[in-house]
Amino acid sequence: MSEVTELRDKLRTFSAERDWDQYHSPKNLASALVVEAAELLEPFQWLTEDQSRALPPGTAEAVRMEMADVLIYLIRLADKLDVDLMQAARDKIASNALRYPTEKAKGIARKYTEL
Amino acid sequence: MSEVTELRDKLRTFSAERDWDQYHSPKNLASALVVEAAELLEPFQWLTEDQSRALPPGTAEAVRMEMADVLIYLIRLADKLDVDLMQAARDKIASNALRYPTEKAKGIARKYTEL
Amino acid sequence: MSEVTELRDKLRTFSAERDWDQYHSPKNLASALVVEAAELLEPFQWLTEDQSRALPPGTAEAVRMEMADVLIYLIRLADKLDVDLMQAARDKIASNALRYPTEKAKGIARKYTEL
Amino acid sequence: MSEVTELRDKLRTFSAERDWDQYHSPKNLASALVVEAAELLEPFQWLTEDQSRALPPGTAEAVRMEMADVLIYLIRLADKLDVDLMQAARDKIASNALRYPTEKAKGIARKYTEL
């Protein structure tokens, strides 16, 4: 069993034991996920990019736990929507490879994401 | 090699080939992650919870691709911050188990997350 | 002087007195704004739509303060980017009126926002 | 009548004419607001702070329209929750003045917002 499947099963049990599935509609899980993603952004908001590469230990651990929360809600949402997360990521990378050919995209990430 | 490590390596190559590491500071990756999480929320925003459980195929596929984007930036950020994502999630679940004991948390998720 | 201009000036003074302008680049203010918007979403995430229409007093006050934070960062960002917020909103409403003609958009908001 | 009240009334009419109030629960409006805030962040995500201070005209106009969207949903939410937005901001600024006394907060914004 893969690590992701193992986490999915742990989270299923965790939620079932607490009768929390009633709250875990895809709509609500998508909301919870963006809330956690923003909590992950918060400690970075006033830092320079360089400072963000060298977090003090307390902040680093808090960021690690926020990353865990994002992954947890992402796995829960994937479970509810019957999505194979790892396959989805592989498909997206393949599609991005076509969208951003190396010669054209080289060093101009912004051009492709900017308005 | 685990699936996550495999994806991490693919993304490293993808970014290196395009000279994109210069943009991928933790601060910027955390911003990109919340942007993708919000794109994932967007198709749900006017739906009822019940509708969110039964997405039309086109929406379901778009949602699957947004989930992939969230995972991709999460793996990139974990790589830059030297975080073992799967271990972080296991640690967070263990900590949540102490924080929300089954008897107390049963069916009252809201009480524990509400202001 | 309009209420928004008055707030803008109060916030300018507040920031200047604390030497905070150095942190208030448009990029950072846009990050802070999404962080506050997510904090505003948090108390709603597990509620039903009906529950969200009848918040308990403590939650209602917390939500009011999060709305204030969103407005504060929006006004700061508008100040830094030289945007007239009220005019921008009037322009956007005029553009939405063309994009969503009443006969076509009636009762089908979702169709126009969904993927 | 203040500018905000005028916008609130315009938006009420806009929504009523399209039968959109059925979608505008506080929960849904809070979701829409964070989605728009993230769209506002998107053009900044790969920029340096300096670049964010000097946007090309096309990006600047797109950012202005995203700021309008944030304000529009904020005013709608305030209307639904019976919140006086301007008063809320004034109350929050007063409370922040107590929380961040000028002598202590001078030039160390981060200390007060960091984890």
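Just so it is clear, A, B, C and D label the chains in written order, and each chain counts residues from 1 on its own.
As a convention for this text, contacts are C-beta pairs under 8 Å (C-beta built on N, C-alpha and C of every residue); 3 or more make two chains touch, one makes a residue touch a chain.
Please read all numbers here as calculations on a predicted model, not as lab measurements.
Mostly identical positions are employed by chain B and chain C in their mutual contact, as over half of the interface residue numbers are shared between these two copies.
The centroid of the Cα atoms in chain B and the matching centroid in chain D are 25 Å apart. Averaged Cα coordinates give chain C a centre that lies 2 Å from the centre of chain D. Chain contacts: chain B has residues 23, 28, 31, 34, 37-38, 41-42, 44-49, 63, 109-110 touching two or more partner chains. Chain-to-chain contact here is organised exhaustively, every possible pair of chains being in touch. Put simply, chain B touches chain C in their complex at residues 31, 34, 38, 42-43, 45-49, 58-59, 62-63, 109-110, 113-115.
Those residues of chain C that touch chain D in the shared complex are 2-4, 7, 10-11, 14, 17-20, 22-23, 25-28, 30-31, 33-34, 37-38, 40-41, 44, 47-53, 55, 60, 63-65, 67-72, 74-75, 77-78, 80-81, 83, 85-86, 88-93, 95-97, 100, 102, 105-107, 109-110.
Chain B contributes residues 23, 28, 31-32, 34-35, 37-39, 41-42, 44-46 to its touches with chain D in the complex.
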